[in-house]
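Here it is, the structure in full.
Per-chain residue numbering starts at 1, and chain names A, B, C and D are given in the order in which the chains are listed.
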């Protein structure tokens, strides 16, 4: 009967198994101030399974046994074919799940959502300057080279390239962001991240290491951009 | 005779036992800069017992054996019925105890007091703009959803709701804050926190996890609010 | 022969033994950014011995065996009676030693020197406003209650009291600060700390716990004061 | 056959062996925010071997087995005599390698490259005030004493000395910085660091401890300089 819980899907001695890696990443993100107060989340896709952190819990205390598992036969399958094959009792999957799926449908292997204050402040500064529909833009900073050129291209952005991260408006319910997130993904087919005004950021990557390091590089750039703004230095 | 010290009340192998959890929470709060220099404190109510951190000690070094235990038959009992059933030798209970009790009398399961600089700065900025007696208000930030709608309501605040945290004036002796804290609790029956001008904040919750994550969400919002103020961005 | 090195003076299984506590404190101070790049230092007096961290080393990596021991018969003895009874090979005692001794001569049990940026910035802001010879002053902040009223008094400062920390001018050689440090100690007989302009702070206390928590409280106040200044809020 | 991989070059139980020290330093630098998102790097020269961290990996997760080893007979040998005698499979050596070599050719024992935001901001502030090609200058701060007077001199800089760190312009490819880095090294023969505009800093020292503590002292000074600028305080 234990087998029916599919506990075996989250038990592994490999530290890189998604059920071990998600708790470890969440602990790091907590230290970085990205998932304060149960905010944010992380999800990993491996083979045809998606591993998802639970919602509304202290992110630095997540255990492997708290991880949800969703079957995800192929991106082309209709959403109705997806179903949870492991649901930890008493928990709900991250409210970001539909947004994580949007990234997985486009080939991502890991998706991260943070409430980083630098990301939020950047969306407020762009709001002030450009109004709605704008995107964050920065160029001529070395750290830009930590971001890939795009899904349809090879290699990383160059020092003189302009990094553009679209900003979508927040909605009262997180799942209602899915439409505008997907629209931003279509308008910016090469982006690996979407900022959500007054909320945070969604970042994804081909695998957990890339998603995490791209998220770090973006956060570095947002922090630098806020400090540059305070010092009267332009972003472009 | 050892039994008379009621040491058994603070000895447990369960990491979630209040006598283990209070030291662990205090270590985390020290890392966050909330209980610097012996400031701040934490208390947990479980069944009819209240566990209290000691006063005037290094908060990151508290041990289970340093925890005070107070009997708390029911909120309706007269205060005279409350008595310490465990007093560690050479220590005094947190000076915040009367303030923690005010929260427990209103159904809280855990109460936290921090000297967070973001909380203090927010009280100073509100004073500067609105004068004394005002409350901190912010809206349209995702992290607001980390705060419950109120004791008399269900669910969490929404993105477009305005979070209001009352601010009371500080007094020379911490216990003298009790009257104005209770008054603020009555004026704002749905609040889970009260700011103390030039001092810090009291935050409580139904249980330790909720008190901690609500405290984190509030601190996130205070920090964001200070940064927004520096950047000329309004809170509402 | 090993005995001649007096290694037994720094070998103890007690975590509160000065030779164990100094490395532990230095690790904490490194985490706080107070002793970056070999700066700063710590010294503890116990009975008639003074334990001193070495100079010019990575403070987070100090080991018990690196600790110097100085005999200190009584404060009234002439300095010539003091001598190192343990000198780790290849190391020099902290250049702050004469300044630490000035505190021990006045009854301190532990003395800490940090290069905290908040302390340095406060000395620069006071310089700008008041000119030389000034002292840092702040009042009406709860954390002031973490500082004792003074050597000749009992209890802690109150919320409405004004905390005053004298500021002395820096000198090219650290030991040359001793004269002006002692002068400041005489002018401010109740102070437990002296700021050094463009350099850092010396803080002492009756014992290691008090010196550390007083140092934390002061650093909290300096950080708050710098942020208040940025936000146009007065210190008094 | 295992011997051909030269794995023995990176296997040691000595924590100070370069293959153990580089991972440990990278973990510390990650904590300090210096090597976020795979940025930055570290290299150590011992005897005639140079140990190099790999490129494009999470710096806090580097293991001894990921370390490259380059033979470096003597500085005077033509570069063609240098060759990798250990190349971990699937990895590339740090793109900073030619820049690290420039320091080793001038007698350094350890070379560090960070993307510290304080370093980047300082290069932007100097550009804003003085235009391109200038150098960062600061004086009358105690922490300056953490920087040696220079390769051709003995002792450390004094409190009243002016610390000067040259700033070179960034290039799209990291290896293309080598020429201007070497030019700056010749123009400033006593410098132990070169800032790269909008990029970060290269710091070196006689050995790993000196390179690390000098890097810490410089970062402290850059952070202080940015805060001083915000507060309207001059650097000289």
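The working rule: contacts are C-beta pairs under 8 Å (C-beta built on N, C-alpha and C of every residue); 3 or more make two chains touch, one makes a residue touch a chain.
Keep in mind that this is a model prediction, so the values were computed, not measured.
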item	value
CA centroid of chain C to CA centroid of chain D, Å	32
Of all residues in chain A, the ones touching two or more other chains	230
Chain-level touch network, classified as line, ring, star, complete or other	ring
Complete list of chain pairs which touch one another	A-B, A-D, B-C, C-D
Residues of chain D touching chain C in the complex	140-143, 146, 158-160, 209, 212-217, 219-220, 223-224, 227-228, 230-233
Parts of chain C lying in touch with chain D, wherever the complex brings them together	33, 36-39, 57-58, 115, 117, 120-121, 124-125, 128, 170-172, 196, 198-200, 226, 229-230
